[in-house]
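In the two complexes below, subunit A is the common chain; its partner is subunit B in one and subunit C in the other.
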Partner chain A sequence: MGKLLEIKDLRVQFETSDGIVKALNGIDISLDEGMTLGLVGETGAGKTTLAKSIMRIIPQPPGKIMSGEILYGGSDILKMDINEIRNIRGRHISMIFQDPMTSLNPVMTVGDQIAETIKTHEKMSAVEATRKSCEMLELVGIKADRAGDYPHQFSGGMKQRVVIAIALACNPKILIADEPTTALDVTIQAQVLEMMQNLKRKFNTATILITHDLGVVAQTCEKAAIIYAGEIVEYGTVHEIFKDMRHPYTIGLMNSIPKIHMDEKRLHPIEGLMPDPMALPKGCNFCDRCRFAMERCKTEEPSMVEAGGEHMVRCFRAMENLRGGYGDE
Partner chain B sequence: MFQSVRTRKAEIETAEAVNRDRTLFEQAWIQFKYNRRAMLGLAIIVVLLLIVAGTILTDLVTHEEVYNNYVVKQNLYMKLKGPSLEHPLGCDEFGRDMLFRILWGTKYSLLLGFCAVTLALLIGGPLGMIAGFYGGKTDNVIMRIMDVFMACPFILLAMAIVAALGASTVNLLIALGVSGMASFSRVTRAAVMSVKDKEFVESARAVGANDFVILIKYILPNSMAPILVQLTLRIGSSILHVAGLSYIGLGVQPPIPEWGAILTAAKVYMRDAWHISVFPGLFLVITVVAFNLFGDGLRDALDPKLKR
Partner chain C sequence: MLRYILKRFLFVIPVLLGATLLVFTIMEFTPGDPAKIILGNEATEADIANLREEMGLDDPFVVRYVRFVGNMLRGDLGISYRNNLDVSDQIIQRLKNTMILAGAAVFIAVLIGIPVGIISAIKQYTIFDNVVMMVTLFLAASPVFWLGLMLVIIFALKLGIFPAAGMKPGFPDMFICLVLPAFTLSSNTMATIARTTRASMLEVVRQDYIDTARAKGLKESTITVRHMLKNALIPIVTMIGLSFGGLLGGSVVTESIFAWPGVGRFVVESINFKDTPSVLASVVMLSIFSTFVNLFVDLLYAFVDPRIKSQYQTKRR
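And now, the complex of A and B:
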């Protein structure tokens, strides 16, 4: 399997009047064909910024891509001119946004919105594009005769299906799903995820799935990356991450999920908050909240350490069995 | 009781009539049909347009005979005569029949008012759209120029333009259009700015739409409501501005029977002859109200979110 997308040392800042917000601090990640990568992290960790950087739809200014490369099929997205990138968007890389309620144009029928995308990228007559858009609707489980309806006539789950239909209309190689199920209830969430999985298999689309939900990652992804304060702190296959988590942050995340077989009175959150991205600590970004922090963590930035297979961890103590330490308390 | 039943029925019919296969404008029309106040406004506007068409046609058929004999020909015997069977709305200070003058004046008032506003929208709208959409330096340059226009009193600016170009109806239009564009560009800019950061614009960008498509298909239709309302509200004041400029001799030239011109001329005789100021004023009020009702109805009908 060839590498479809490769991100190297991506750094993104937002220059605001209050100071410089360091949103992404050296992201290295790659995506193979047909693979699903889960991107997990808490609010503000930089997940959406990463997704938008790949599409290059970060508002500039205040956003600024400081350094790095995003290689798609060997060419750097960050160096493309506006016409090239427009051709990539939608046709090669598509994105699904968080909130289906607001990501559809309220004054256009859903059929037109799908057809619009198709017409942007393929030389097709209006009739053909309409037919294709009806096919797409059927594909995501909406009857084609609803193509003439406006977004407000659909429920949230159906809107998200429409959004997915738009994203997949030109059969892209990569689909970036930015919390596609956060705004939906659990049953619809399961339906939408299953549908995405099926479509992904059908079209062999590589997917980057951004989510807060570790359950979703375990269920749908092959690889996972845990992102914290603009850095990837742990990366590996889903199996490696869930069975053999090594970064204290990942361990904390897992611990904060209540276990159904244990009678737990209280939840176990990770104490503290993420550091202010305008003033990141000198050493490890997580050290203020870490139970295992040493003196070294406060002054030195850890780099990624291999932990067998594809497993990478950004921690000085990655090789110790930190999980045991948590269990004691 | 009966009325409420009928309204209910109308509602059901509306819901059924908003069919899936209709275009946006057909749907808007169905929605509009059941809005009584809007229909009243539309009816008045239609009547006014019929009057305009009627007078133009009469002038064409009779080679302006009616116009010359009844609208502009003075008859001092009838000076300031009150309403009678022969002259239902009385006569003005030169003994001309008020009804004829008002009917013939409709053309000038309505079309001048409408064209001036449309011109202002056509200049100001795109500028505001570009300023709101691109922001930053573009926004600053355009809006500072607009500020200059806004800083000058409306009438003074229009006067200066007419004075520079010469007094004629076309120049009056240009003057009103240019001096009215600033407010349109402000309204459009604000509307565009409130829409451009919405997620659907971002998602349009994410599927590769270019700026032009985003502006025309995504942003403009979603920011139409305040612009439409502004348009219909401005038609009324625009008619008044035409009148104001006519008064100081820079607008419609006498003896053309423009409503505002009649009204301003009538001011002097208000104590002796109420009818020459009341009737054109009444027509003006009815016209402005009709446009406002129509505009409100249009806004509601064009908003797909209000549809069932």
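And now, the complex of A and C:
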């Protein structure tokens, strides 16, 4: 399986009047055909910035891509001219946004919004495009006769289905789903995720699933990347990450999930907050919150360490059994 | 939808009663006796008393107002004190002229205001944007009478491109005569439309559905028109509707400056003559006109925003 998308040393920052916000600080990641990659991290870690960088829809200014490459089929998305990137968007790489309430145009019928993508990329008459948009609606479980309705006539879950229909309308190679279920209630979340899984299998679409829900990653992804303060701190197959997590942040995340088989009185959060992206610490970004931090962590930046297979960890103590230090399981 | 329109038509009634009562009262307090004005300086006291009796001017205020309303409902707006002609006939032609002027002003304001506002929003903080913001602030702040006179001085007296005043019938003449008064009248509205468009566009630019549209691979121009402008239009339409009342008010001044034979100028002349029936009739006509415009704007909402349209529809599936 060839590499479909390869991101190398991507650095993005936002230049605001208050200072420079370092959103992404050297992201390396790749995506194979048909694969699902989970991108996990807390709010503000840079997940959405990464997604928008791939689509190149970061508002510039204030956003600025400092360095790096995003290779799609061998050519660098960051170096493409506007027409080339427009051809990629929607046709080769699609995106689903976080909040279905606001990601549809309120004054256009949903049918038109789906047909618009089709008409942009495929040589089709208006009638054919409309017919195909109805097919897409049926595919995501909405009756085709609702194509003439406006977004405000749909519920949140239905809107997200429409957004998915738009994203998949031109059968893209890559789908970037930015927290597609965060804004939905739990029962609808499960439905939407299952539907996405099925469509993904049907079209063999590679997916980048951005989420802060480790459970979702375990269910749907093959690979996972844990992102913290604009850096990937742990990367590997889902099996490697869940069975053999090595980064203190990943361990902390996992411990913060309440366990149903244990009688827990208190939740276990990771103490503290993510560092201010305007003033990142000199050493490891996580060291202020890390219970395993050493002197070295405060002054030196750790680099990615291989931990067997595809498993990579950004920690000086990656080879020690840190997880045992929590004393549970 | 139809029921809604009918309901809105009925709104004309309270508007008319309110407006005429106000004007009737104000005219009552202005000095001067219509009978004296009609008969001229040579009239004897007895003649004046007779005429007052004949015109019913000695009746109490309420009786006269009720009589006026009764006549109005029968479509009789009275006879002018000035020339004894039927008031309605005199106003119809003038109303047409005012509509031409106001229509041209709105047209200019929309045609210039909206594109300028869009470009300003897309090129926010550039030189273009800053210049537009300054010019529109200036236009919005300058009074109509001053601006009108300045335009006359520059374009009519100094440059001699356009006539200073008056109106000639026929296609090219009418058009040339219209330029200065229409620009004068539209200046405020144009500036406000440009600023509202800019503000409204800037709000829409950051919406998530614009990212969605971009992620579809659409052309930037398509995104601007189909996705941004269509959403930004709602406050702009509101603004245009609201400014129409001001436009009719401004037409009184503009028509006086440019000797445009419209209702506005007619009102001013009639007030000077204490020609109460003419003033009242003008107010009635302008009220009806502006109610219609407001109704039209409200119906335009439904066209612009489907969320409003579904409120009008009584039958939902």
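As a convention for this text, the second predicted complex is superposed on the first by the 327 of 329 C-alpha atoms of A that agree within 3 Å, B and C clash if a C-alpha of one lies under 4 Å from a C-alpha of the other, contacts with A are read in each partner's own complex, and residues count from 1 in each chain.
One rule holds for everything that comes next: a residue touches a chain if its C-beta (ideal position, glycine included) is under 8 Å from a C-beta of that chain, and two chains touch if they have at least 3 such contacts.
Because the structure is predicted, anything quoted here is derived from the model rather than measured.
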Fit or clash between subunit C and subunit B when superposed on subunit A: clash
Contacts of A:86 with subunit B and subunit C, given as first, second, both or neither: both
Which superposed partner A:148 touches (first subunit B, second subunit C, both, neither): first
Partner chain(s) touched by A:131 [first = subunit B, second = subunit C, both, neither]: neither
Touching both subunit B and subunit C, residues of subunit A: 55, 57, 86-91, 94-95, 97-99, 102-108, 116-117, 120-121, 150, 152, 163, 166-167
Contact set on subunit C toward subunit A in their complex: 207-209, 211-220, 226-227, 230-231, 304-307, 310
Subunit A residues touching subunit C - in the complex, by the definition given at the top: 52, 55, 57, 82, 86-91, 94-95, 97-99, 102-109, 116-117, 120-121, 150, 152-153, 163, 166-167
Touching residues (chain side subunit A, partner subunit B) in the complex: 55, 57, 61, 86-91, 94-95, 97-99, 102-108, 116-117, 120-121, 145-146, 148-150, 152, 163, 166-167, 169-170
Contacting residues of subunit B [partner subunit A, same complex]: 20-21, 24, 136, 198-200, 202-210, 213, 217-218, 221-222, 304-305, 307
